[in-house]
Structures are given as structure tokens and as C-alpha cells.
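One chain, chain A, links the two complexes that follow: it is found with chain B in the first and with chain C in the second.
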Partner chain A sequence: MSQWMVLYRKEMLGMTRSYKWLWIPVVFILLGVMNPVTTAYMPQLLEANGIAKEVAAAMPVPAAADIMLKTLSQYNTLGLLILALSFMGIVSGERQSGAAVMIHVKPVSHLSLATAKWASMASLALTAFGIGYLATWYYTDILIGSVPPHLIGQSLLLYALWLLFALSAVLMFSSAMDSQAGAAFLALLALAALSLLPSLLGRFMKWSPGRLTGEAGTLLSTGSMASGAWLPIAAALLLTAALIFCSSLFSKRKAGNTGTK
Partner chain B sequence: MSDTLKLVLPLAILQLILVAAALVDLSKVRRTNGPKWMWAILILFSSLLGTVAYFLFGRRSD
Partner chain C sequence: MPDLEISRLSKSFGSKEAVRDLSFTVGEGRCAGLLGPNGAGKTTTLLMLAGLLAPSGGSISFNGKSGGDIREIIGYLPQYPAYPNWMSGREFLSFTGRLARLDRRDAADRSSAILERVGLTDAADRRIGGYSGGMKQRLGIAQAIIHRPKLLLLDEPVSALDPLGRREVLELLLELKKETTILFSTHVLHDAEAVCDDILIIRDGRIALGGELRQVMREHTEPVLTVRFTEPRAEWTEALAELPCVRHADSRSFGVVLALKGNPEAAKTAVLKKIVDRAISISSLEFGQSTLEDLFVKAVRP
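Now for the complex of A and B:
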């Protein structure tokens, strides 16, 4: 366990040194808070751009829950893009720089390295998402209207689960591939497929973790969870564990090749 | 202080912190991907996007 903590702290230190602990949470806050702010000041913004006051006043003001929903979908596009790009080299980058060899001089198991990496990614991503989401809630409450705290809490947990799954996909592709850009691209492609396919092949994709975002949205707008929500929740948990395990297998297989390129 | 300013000020401060951190890092690192002056211009003039691009692509890991 103490060895695992050393690995975890090493990852966290690396993220601090590359400013990830500063800029990713700040970007998540700004990305989220922009929604209630631009919505609330839309009439003034339109007027300033020469659009008649009457038109601006006739614009419907969306419900507070819709603002939170919009923020979640923004995290799902730009947020996931940022996370995938900043973690795309988390395993393959160390293989290329030779740091992986240094670590495996000691008897470190690939599984504990993979879980330590995943835990550090999760710490950062969940902190950034949590702060950003709560800041958005705060601004929405002031500018638009209130959303009940229990709905915020539940939707936050649902989306956090999807994020954990997404991070494990990035980790897996980063250990399976040598190209960092390729790993980010494939991870994003897989995540997009899991989000989009349930609406196309509804019956076969009921389990898709990509539905968690939709479930969080339903929760926000209707106030209650859909009855089939347990399936994607269970699938997300299982697949997250499976992907982390696959990641450690890929690292193990590739470990023989390090340094020889 | 008007209400609008009270709301927007924290966001402006956050963005300033981000830009400042990027510029401090840019001045400290030996080499970046691409010319340094280009990153300085991007960070200063393209608001959030340039700064994020610098942290993602400009910094070299070695």
C-alpha cells in the first residue's frame, strides 16, 4: 500500500508541475459559469450588437435546470476533449521518455501503477468537474433561478461516474498505443460512440455508460431518475474496472519493448 | 460596485491567474513546441483558448 501511495504521489506531483492542477479546474469553472452568465445577460449582449430591444426581450429565458443541463453537455464535449488531450500521454509518454524503465527497475506491479495513474487522473478530473459544476450552480442560482440541491448532488454523482469511465478509457488507449494523438482520438471516438449509439440502437445499447449524461439530464429536468438507470451505472462501474485491468495488461506486454526503439 | 461587476469580477480574476501562470511558465522553460514569441502573443490576445492551447501543446515534457 505504501508503494502504491508513492506511485500516486508521483503522478500528483507531475500534474502539479505541469500546472494541470491549476489550469484544468479553472477552465472547468470558466466553461461552466459562462452558461448562466451569457444567458442572463443575453438581452444586453444582443442590444449591444444592434438587435432591437423588442426581439431581445422576446427571447425566452430558459429554466435553471436547462442551464445545468447545457453545462453538462459542454463538459461532455470540450471538457472530455481537454481531459483526453491532457492525459493522452500518461502511460505512453513515460514509455517514450524512458521514465517507465526507471520505475520498473523496482519491483512495481503493472496493476498498481495503472491504478495509481487512474486514481490521480480521477482526483484531478473529479475536483475540476465538482468545483466547476458547483460554481455553475451558484451562478445559476443568483442569475436564473434555483435548482434543488439533491438534484445537483445526484446528477453530479451520475456524471462523475461517466467521467471515471471516460478516464479509464483514456488510460487504456494510452497504454495500448504508442501514438499519444492516436490514443486521444480513439478514446474520444469510443466515448462519442457510446454516447450516440443508445439513441440509434436503443434496445441493444441500454447498458451504455454514455447514457449516464442523459440520465443526469433527465434527473435535472424531471426531478426523478428513469427506472432503467441502474443498468448503465452497473456497466460503467464494471467497465471502468475492466479497462484499468486491460491497461495494466497492455503495459506489461509493452514493457519488454521499452528502450529498444 | 454594481451587481454585474460583483459577479463577473471573480471570473476575470480567474482568467488573469491562468494567463499569469502561463506567462510565468513560458518565461521559465527553456524550449517550447514552436517559437516562444508566438505563444506569448497567443496567451495574451486569444483569451482562454490560447492559454489552454499553450498548456496542452506548448509545454515540452522533457
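Now for the complex of A and C:
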């Protein structure tokens, strides 16, 4: 356990030294808070740009829940992109440089290395998302209207689960591939497929963890969870564990790649 | 008593056999040099010993035990050590020490002591990204010995260093030799001669020649006579090569190197006589023994 903590702390320190702990939360806050702020000041913004007051006044003001929903969908595109890009080299980068060998020659299991890396990614991503989402809620509450706290809490948990799954996919592709850009691309492609396919092949994709975003949205707008929500939740938990395990297998298979061959 | 025993070890990458049927032993407390030309399979062998590469066949046993995780008792230095560049030397050392199951206090104490030993105390708290090649090499040795390993595997520890760095590392090896078993690969024969007890020359993934250095040298070296001509002339070389006491003549730009056989004194006289008879104009004549380098070239030449 203490060895696992050493690995985890090393990853966290690396993220701090590369300023990831600064800019990723900042991006998530800006991305989220932008929504209630621009919506609330839309009439003034339009007016300042020379658009008639009547038109501006006729713009429908969206409900507070819709603002939160829009934020989640933005996290799902730009947010995931940022996370994938900043973690795409978490395994392959070390392997390519040859620094991974220095860890593999010590009595460290590949599984504890993979879980420590995943836990450090999760700590950063969930902190950034949590702060960003709560900040958005705060501004929505001040500027637009209130959303009940229990709905915020539950939707936050649902989306956090999807994020954990997404991170495990990035970790797995980073372990399996030597190209960092390739890993980010494939991870994003897989996540996009899991998000989009349920609406195309509804019957076969009911289990898709990609549905968690939609479930969080349903929860926000209707106030209650859909009855079938347990399936993507269970699938996300199971697949996250499976992907982390796969990642450890890949890193074991490639441990002898010293970066020079 | 053999400490490290390798038997019929092999490794193939696709159709290419990097190591085949390699067998050797390294006794406890010995320092063995793994010599061979580039591509002979030195790095592959060390990677398998370090547990980073799974062998295609054969077995590795340490202290009579085979299989299992031997990483706790080995220290390994890769050919091109690389580090997380954002860490300081001290941070990295205590990190690797902790991974090797030292507790926090022990890891910190050992780090300071070893940094001192490899001469990195002044740079200990600077980022590794700013280290020179020699400093990175020394840090690599430091991380390999942080957990007091019983077996130290070093892949080309001196090849990338300048003469000064090389001497420092060799001195360090001579000290470490007293504490642990060492197996290191190199293609710098002079260095091997300076620190090794045993040598293993491998070629095409097999042992071409191996054993205790002194004994190998005794058995395989032969008296040689280096004749330098004032001007290179093929007929002079031929005249000397024809002598019955010359086993082998190696023509060089400066003259010829003659490997002698039979009674060295008689052979010397015969060569000198020939030089006088043929009025060969020589600039120097040196009598000596063939070196490890000659031995190496002979062993690995196809």
C-alpha cells in the first residue's frame, strides 16, 4: 500500500510541476461559468452589438436546468478533449523516453502502477469537473434561477462516473499504443461512438456508459432518474475496472521496450 | 558456488534469434564482463536477467532459485538511462528506493549517502532535466544500488562517457565489487580488463569464449612480435610470415604483427636473423603478449 502511495504521489507531483493542477481546473471553471453568464447578459450583449432591443427582449430565457445541461454537454466535448490531450502520454510518454524502465526494474506490479496512474488522473479530472460544475451552479443560481441541490449532486455523480470511465479508456489506449496522438484520437473516437450510438442503435446500446450524460440530463430536466439507468451505471463500473486491468497487461507486455528500439 | 546461473537461455524477435542457447554462471561476489560486438545480444541478455523481457526459452536462477520476482535483489542500469526530468536527483533516488520497499527514513538516508558516493551532492536538488550525460549515468548507478542489491546488472555503464567520467565510474565499480556481484556489458575492452574477474565474450547470441580473465588470458594469449618498417613493403611482410616459427602474421599499416609459436627465444632469433638477411629496414621491434583486444577480435571474427 505504501508503495502504491509512492507511485500515486509521484504522478500527482508530476502533474503539479507541469501546471496541470492549475490550468485544467481553470479551463473547466471557465467552460462552465461561461454558460450562465452569457445567457444572463445576452440582451445587453446583443444590444451592444447593435441588435434591436425588441429582438433581444424576445429571446427566450432558458430554464436554469437547461444551463446545467448545456454545461455537461460542453464538458463532454471540449472537456474530454482537454483531458484526453493532457493524459494521452501518461504511459506511452514514459515508455518512449525510457523512464518507465527505471520503475519496471523495481519490484512494482504493473497493476499497482496502472491503478496509481488512473487514480491520479481521476483526482485531477474529478476535482476540475467538480469545481467547474459547482461554480456553474453558483452562477446559474445567482443569474438565472435555482436548481435543487440534490439534483446537482446526483447529476454530478452520474457524470463523474462517465468521466472515470473515459479516463480509463485514455489510460488503456496510452498503454497499448506507442503514439500519443493516436492514443488520444482512438480514445476520443471510442468515447464519441459510445455517446452517439445509443441514439442510432437504441435497442443494442442500452448498456453504453455514454448514456450516463443523457441520464444526468434527464435527471436535471425531469427531476428523476429513468428506470433503465442502472444498466449504464453498472456497465461503466465494470468496464472501468476492465480497462485499467487491460492497461496493466499492455504495460507488462511492453515493459522490455526501452525506448531505444 | 554459482550465484547466478543461466542455462540455455534464448530469445527471438520474430524470425531473428537475438540470443540462443546461452549458458554461463557468475559466482557470488564476482565481477563479470559481458563482451561482444554491437548486436551480439548483450542488451537482450541483460533485459531478460532484469526481468524486463520474457525469455523464449531456457532458465535463469539466482542462488539456486528460479522464477519468481528477483527484482528486489537486483539493481539494473539501462544502456540509456532516462528519468522524469521534472524530478530532482534526490527526489528520484528516494522514489526508487521507496519502490524497492525501503521505508521513508531509510530511503532518504540512503539517497543522501549514495548521492555523496557518486559525486552528485551539489546537484542533488536540481532538476534531472539539467544534468549532463555523465551525471545521468552516475544517477543511474545510484538508483541501481539504492536498495543494496545482491546482483548488479549494468548495460554499457561507461561507453557513453568522456575519459574523466569513465574513470570515475570504473573506480566506483571497483568499490562496488567488494559488496555485490556485478555483471556488466561493454565493448570497451580496456575497461573490462581493468575491473573484471571473469569475462564472457558473446557472438551472435552465444558464448564464444568465457572464464576467469587471468586464466583466459594465460591460455589464449601468445607471444607476439610487432615489427615496424620504415616504409611499408609487402615483400618484407611475406618474408617474415614465411618463417616456420610464425603462426600467424597480421599485416598492419605500420608493418606487421607476428604471432609466434614454439620457443619464444628461438623464434625471436629467427625473426631477427631474417631481418638482417633480407636487409629489412625497421624502425622498431617490440616483443610482447597479445592483448584482450586481439583475443576478442579472434573470438568474434566470423
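Everything that follows uses one rule, which is that the second predicted complex is superposed on the first by the 259 of 261 C-alpha atoms of A that agree within 3 Å, B and C clash if a C-alpha of one lies under 4 Å from a C-alpha of the other, contacts with A are read in each partner's own complex, and residues count from 1 in each chain.
Definition applied: a contact is a pair of C-beta atoms (placed from the backbone, for glycine too) under 8 Å apart; a residue touches a chain by one contact, two chains touch by 3 or more.
In this text the structure is predicted, and so the values were computed from the model without any measurement.
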Chain B and chain C placed together on chain A: clash or fit? fit
- Give one of first, second, both or neither to describe whether A:Met102 is in contact with chain B, with chain C, with both, or with none. second
Regarding the shared-chain residue A:Ala255, is it in contact with chain B (first), chain C (second), both, or neither?
second
### Message
Let me test your reading of the model: by the given contact rule, A:Arg17 touches which partner, first (chain B), second (chain C), both or neither?
### Response
second
Margin query: Quick check on the superposed pair: does A:Val26 touch chain B, chain C, both, or neither? Answer first, second, both or neither.
Written below: first
Here the angle between the directions from the C-alpha centre of chain A to those of chain B and chain C, rounded in steps of 10 degrees, is 80
Next on the checklist: Just to be sure I read the superposition right, which of the two partners does A:Ala181 touch: chain B = first, chain C = second, or both, or neither?
Outcome noted: neither
Touch test for A:Gln3: chain B only (first), chain C only (second), both, or neither? second
What is the contact status of A:Ala57 with respect to chain B (first) and chain C (second): first, second, both, or neither? neither
Smallest Cα to Cα distance in angstrom from chain B to chain C after superposition equals 5
On chain A, the footprints of chain B and chain C overlap at residues 18, 97
In the complex, the residues of chain A that touch chain C are 2-3, 6-7, 10, 13-14, 17-18, 94, 97-99, 101-108, 255-256, 258-260
Given the complex, residues on chain C that touch chain A span 43, 47, 50-54, 69, 71-72, 74-76, 78-84, 86-87, 91, 95-96, 98-101, 103, 143, 147
In the complex, chain A touches chain B at residues 18-20, 22-23, 26-27, 29-30, 33, 37, 41, 82, 85-86, 89, 93, 97, 139, 142-143
So, in the complex, the side of chain B touching chain A is made of residues 4, 7-8, 11, 14-15, 17-18, 21-22, 25, 48, 51-52, 55-56, 59, 61-62
